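Labels run A, B, C and D following the written order; every chain starts at residue 1.
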Amino acid sequence: QPAAPAESATEDPGAEMEPLTFGMVLVGPKNDRGWSQAHYEGGLFVENNLEGATMVVFESLNPGDKPEATLEGVVDDMVSQGASLVITTSDAFEEDTVGVAEKYPDVIFINSSGDDVLVGGAPTNLGNIMGQMVKMKYIAGCAAALATESGQIGYLGPLINTETRREASAAYLGARYCYENYQGNDPAELDFTVTWIGFWFNIPGVTLDPTEVVTSFFDSGADVVMSGIDTPEAIDGTGQRASRGDTVWASPYGHIDGCDNSPNVCLGSAFFNWGPAYLGTAQSVSDSSWTQAWDWNLPNWDDLTDLSTTAVGWNNGPGLTADMQANLDDFISKLASGELNLWTGPINLQDGSEYVADGEVATDNEIWYLPQLLEGMEGPSE
Amino acid sequence: MRIRTWIVRIWPLVPILAALLFTIGLLVLFGADPVEVFQAMWQGAFGTQDKTLSVVAFTIPLLLSSLGLLLTFTAGLWNIGIEGQIVMGAVAASWVALFMDATSPVLIAVEVILAMLAGALWAGVAGILKTRGGVHEIFGGLALNSLAIIFTNYLISGPWQPPEGGSFFGTVPFREISQLSRFADSRFAPFSLLVAMVALVMVFVALRGTTWGLKLKALGQNPRSAFLLGVSSERETILAMMFCGALAGLAGAVRVLSWYDNLKQNISGGIGYLALLVVMLAAYRTLWVPLIAFFFSAVLNGAITLQLRTQLHSSLGGILTGVMVLFVLLFGSSKALGIGKSSEDEALEPDTSEIES
Amino acid sequence: MNDSELILILASIILQAAPLMIAVCGETITERVGVVNLSLDGTMLMSAMTGFVVSLKTDSVWLGFLAGAAVGALFALIIAFGTIRLRQSQVAVGFVLTLLGDDLSAFLGQNFTHIPGPVVKFMPIPVLKDIPILGPLFFNHDMVVYFAFALVGLTWWWLFRTQPGLHLRGTGERPEAAFARGVNVNRVRYLYTLIGGALVGIAGAAYSLNVKIGWAEGHTRGLGWIALAIVIFGGWSPIRGAFGAILFGATKALATVLQRIFPEVSVVAFNSIPWLLMILVLLIVSSESTERIIAFLPRPLQRPLRHLLRAAPPMALGKIFGGK
Amino acid sequence: MRVEIRDIRKYFGSVKANDGITLTLEEGHIYGVLGENGAGKSTLMKILSGYQPPDSGEILLNGQPHTFDSPLSALKNGVGMLYQDPHDIPPFSIVDNFLLGRDKRLRLNYRAAESELKELSSKYGFALDIQAHVDSLSLGERQQLELVRLLAGGAEVLILDEPTTGISAEQKDVLFNSMRKLAREEGKILLLVSHKLEEVQELCDHAFILRRGKYVGEMEIPCPNEKLVEMMFGQVPPRSERPTFELGDPMLELRDVNISTYRLSVKNLNLSVRAGEIFGLAGLEGSGQRLLIQACAGLVRPESGQIILDGQDITSWSYHKTRAVNVAYVAAGRLEEGLVASLSLTEHVVLAQRETDFFVDWAASGQDAQSRIEHYQIVGRPDSTAEELSGGNQQRLLFGLLWNKLKLILLEHPTRGLDVRSTNYIWNLLYQRRQDGTAIIFISPDLDEIIERSDRIAVFSGGVMSRIVDAKTTSVKEIGHMIGGQL
């Protein structure tokens, strides 16, 4: 442990604020260019902006990679290293987090993307944080619709659950709107196919191989692929495809620099930015003002790439042409002003049943717990 | 001559040390301080009572699988399918734990029995594929491993998914009564240790003191002769596989009933493969297996703390064990290297000097 | 699905099968000379990682492939030394190397995961690529694919039409006879085990540089085992093996397509198709009952069918030379 | 060409295979090399042909010392050897097999090879089907193929190690004629390693005798057999007379049995063997006699017909079921199919027991093993492994493992590679078995053995079984012709 915190504490004007050690438990590798890396960078953001804060990281905590490790064991270690805040960054850890929260009542636990607080009955030292990725998915979907010439969009889905259904559907809503209003096409003609690989990332022999799914999207006529998985196969595959002379685009997911892998085919990436939320939590924990909450955090509409404020973001890609960009900006401003709410009825589920009645607007809960994909989307719902 | 016999005696340690040196070299390469590393690993394994307990707890499924493998190895079989057999055992146990209503002892009994059955059956499939279909158990096993994991994923994302929707991460936690009672809220269930010890004794006796063990040995050395001497190759092959599968299934049950408390995807995470290494490092000697299983478990658990303390990639544990087995395999027997070769040895060994040189 | 789309899909299958074809050729050579290199899965992970990192640092894919080949040869050398000189079990050494390669690649490659790097240039062959069907299928690819096909042909020719090839096969079938005819059995085994390993290494690099661009932990996990199975299915012939590789690619593509056609079926179900097929295929190749079924068919059919479906491994495969 | 072998020594640990052997070979002669099992014949020949280096000693060709680092270098210097088991490659086509190791050019030149093969084989009166694969050839043809290969390689000195075991009378004549031709007309030197004095007398003009690795003398042939035998064994071993025996009721009956594999099919076998009878089956390898034995043992299923043992129908029973009703099968390959190389004698005894109880009493089994070792005069300890035993001792062990009170014993090549002493011993064991009314059926490539040991004989040729002849009235010549197909 560095000696720094001690001094910084003395220099610190805000007196009794003692240096904070916090644990960060990742479900995947900390450099997966996606979900886990975003959390990890969120942690770094805290370290850089909170005097004396130090992060203890544990990556790839899942039975497949670490049969010998358990959340409890890891948390024991973190607490023994002085952690007073532990962030578990997957709904895989929901139950276990509740468990350790009860075991360590005076340590604060954050389970990102979990919903115990929303459901109720969670221990009082446990909170949930999630960003409203759906909003960014609207944008990603819109960008896709603006780019497509064949009218076929492929969505590379991970596994099927409420969260992934929610985000795929959001992307579809955005796409349908822009396909109709900016491209002036009949939304019924938009072909939006979701293919689920079976997990958040590629597990050879067990999931579908994302690279192959991407290829088969293009082979079957799609010219835009959106990624919903943790790793960058979509953008990589698209880049390679483009290098073979096809005009194709991709929209990666999860990390702000998602475009870097091959910029010129990239429409932009929707990403999580956990920094602000985690910083807030860390501060409130260290000045012991933290209170339990279920935070579904909003983007900063004024600047979707401002890492110090926005919870989720959209980073325009080099692949966008000028007029695509113009339309997209217009769409974003509509969303920002709230003049446009894509969850306004009539919205039907994939099986044709009505979900949001004409003129109604879906509630947060309805959006969070979306039971199926929406009408007009192709691909399995269950 | 003195020195030579002396070398021969301490030789077994040489590969182990070599493996350690290799790993240290790797650490230095990545700018880590070996001392700190091994301290951290020691802490992680035996620093606190909880840690020691989880080392023990993790040892048990590993030990059970290794014991099973002793049988298949003796019969000359490479039961790589053990990974899938563990998974199927876990699935069967989970099924009972999730859906059966009974008192705790009954539940546990049924869970254990079904787990063993499931593992045995899954192994039996590989066995039959070999004896009837001529499909080598390595490939049959690999396919069955993936199928088992895919099957789990189907269950936890489909029929067995938690009410709030399948997330592929696991089923709901089992009721307390359907889990093994643990020691001092650790993950170590004394019952499982008991079972493992019984298994150890049984395997030891089976291999040393029974005609069945002898049959397996004959089968492993020369199936054709064994058959003509009255050993029913098919029966014994499948039996060996199924007994191994049963123990693996048991290991799977221990995984879900005491290590975890629900069925997760890829519940085994390579314990089966690890067990193969254990048995190889033990040079197929029954009594060494428990020690080495424990050692492996300690190394891997130590690697957790290692990662937390030093942020080093936790595959280090795997590398250390892997290199160790490789070196022992290659340089383990001083005879193969021509060191301390006694004259009888030479008489028994077919002469190939003209080709060797 | 119209037929132009079908051709596209087939072309992609061929592209993705190319590295597998290379690996299969490599292992076929190794096993033909009597050595089982079971470490393919670990070897390919290591070479995929090394290949990617090297080409990233040197910004040259060719050096990447070279490095991959070197790693493959190194692993093969360990196998050869351990089993030819030290007389250890080929399966044991191979299996340990498999697991070791997996962990080692994860450790050494930890700072290079999921980052962009150089890729093999697309290189359609001018005139040929415009031939109707065949053009897009075979001549609209990159060096890796062309190399794969060339390699398959070359390997076949070398094995079955040349004097060294005869030495190679003789050594794998009956080393003592080959020795009696002046073949230096162990040198030949070292040589071809290394060559085979190098090819497997190239295959690994071909994944990280061309087919599954980039590196990540366990990037090619499982494919090595698949390659080993395909060698058997290929009856130790590079050409049959190449078909096997393409067939395998096709079933995986099928799994993807089926999900779109049957959304109601559980997504996971389709992922099991390749494995079920693997079992089935191995059954056909090695099961006695296939022999009986063939025996029922009219005589003229029997020989070609046996040739197509059945296969016996080289007689001395996995055996140590010098034993009684 | 003149070959001198000077003071050759080769030790295998404790075993002195060759212990200072010196011989001289002159152009145009056919030499016999005689000696009991393990005398060191094969070892010496392997050294002369460059397969093994000697520990010490030297080989001179025309006065020049030569060291052969491989069989090929020996062949280059004109020394070629035909091994006890031909060193060819069964799965190969004949041409591939012929080409392997021949021309140095990259591309294989099949046309040239084929014509050369044809030319040479016709020259020495061999009829080889160029298109066939090696594994479809009979042992005799495989030897011919090897010979052709050696001659094409320019062999001036030809070594044949026990070439006549397992080949037909015709093939033997062809072989011997070609050998004479090679020596007399082409002035080559030939060395014949054999256990069969008759052959040596028939073919050779000079014989060397080895014993326990040492050179014990040489003889001009022809000379009385007794002298040779005396030199080989030190003293003349008692010639075992076959005790006459009163045969019992039929023990085994085959009623128009048909067996077919996709290699060979044997049609309507009818045969009745009586209790205590010894029934010999002659024929080239792969003529069907082995199928018959294996059908009786339950190792192959007959297509149709009945096999009746002591009144009980055992048609298409499994091997183990058949075994349980006291039918024993002893295969040809000892360490391949019979013994487990790395298991101890005790372990073999335990495995082979009639009914095994679940737990092993090692102490008792050890004693059991020891008593068998004594009873069957096996050179070994209860804890020595099967592979440490010598060929003959392995065979003794196999017999030591047989249950007593058997109804039927099926034997393949019961005395292959054994010297007279071991052979007699084995047969005496079998004669004793008849007392229990055990019927014995055996296959042997050695016609003398068949005629000498059997009561009745059947000959197989191309899957057809001949009429059954009486051993007392038939002759090697007659059997030889029947093997040739004149049934």
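Keep in mind that, in the parts below, contacts are C-beta pairs under 8 Å (C-beta built on N, C-alpha and C of every residue); 3 or more make two chains touch, one makes a residue touch a chain.
Quick caveat: nothing in here was measured; it's all calculated off a predicted structure.
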item	value
Pair joined by the larger number of C-beta contacts - B-C, B-D	B-C
Distance between the centres, which are taken as Cα means, of chain C and chain B, whole angstrom	29
Separation of mean Cα positions, chain D and chain B [Å, integer]	47
Whole-Å gap separating chain A and chain B, where each centre is the average of the chain's CA atoms	38
Distance from the mean Cα position of chain D to that of chain A, given in whole angstrom	77
Residues within chain D bordering two or more other chains	51, 70, 335, 387
Multi-partner residues of chain B (at least 2 other chains)	146, 150, 153, 157-158, 351
Multi-partner residues of chain A (each touching 2 or more other chains)	60, 65, 159-160, 198, 205-206, 382
Each pair of chains that touches, named by its two labels	A-B, A-C, B-C, B-D, C-D
Touching residues (chain side chain B, partner chain C) in the complex	26, 78, 80, 129, 132-136, 138-140, 142-144, 146-147, 150-151, 153-154, 157-158, 273, 276-277, 280, 313, 315-316, 318-319, 322-323, 325-326, 329-331, 336-337, 350-352, 355-356
Residue ranges of chain C in contact with chain D within the complex	161-164, 166-167, 169-170, 173-174, 176-184, 291, 295, 312, 315, 324
Complex contacts: residues of chain A adjacent to chain C	29, 31-34, 60, 65, 159-160, 193, 195-196, 198, 204-209, 211-213, 215-216, 218-221, 231-233, 236-237, 239-240, 243-245, 260-262, 378-382
Footprint of chain C on chain D - complex, ascending	51, 70-73, 75, 83, 87-92, 96, 99-108, 262, 335, 387
Residues on chain D engaged by chain B in the complex (per definition of touch)	12-15, 51-53, 69-70, 319-320, 323, 329, 331, 335-343, 347-348, 350-352, 356-360, 387-388, 401
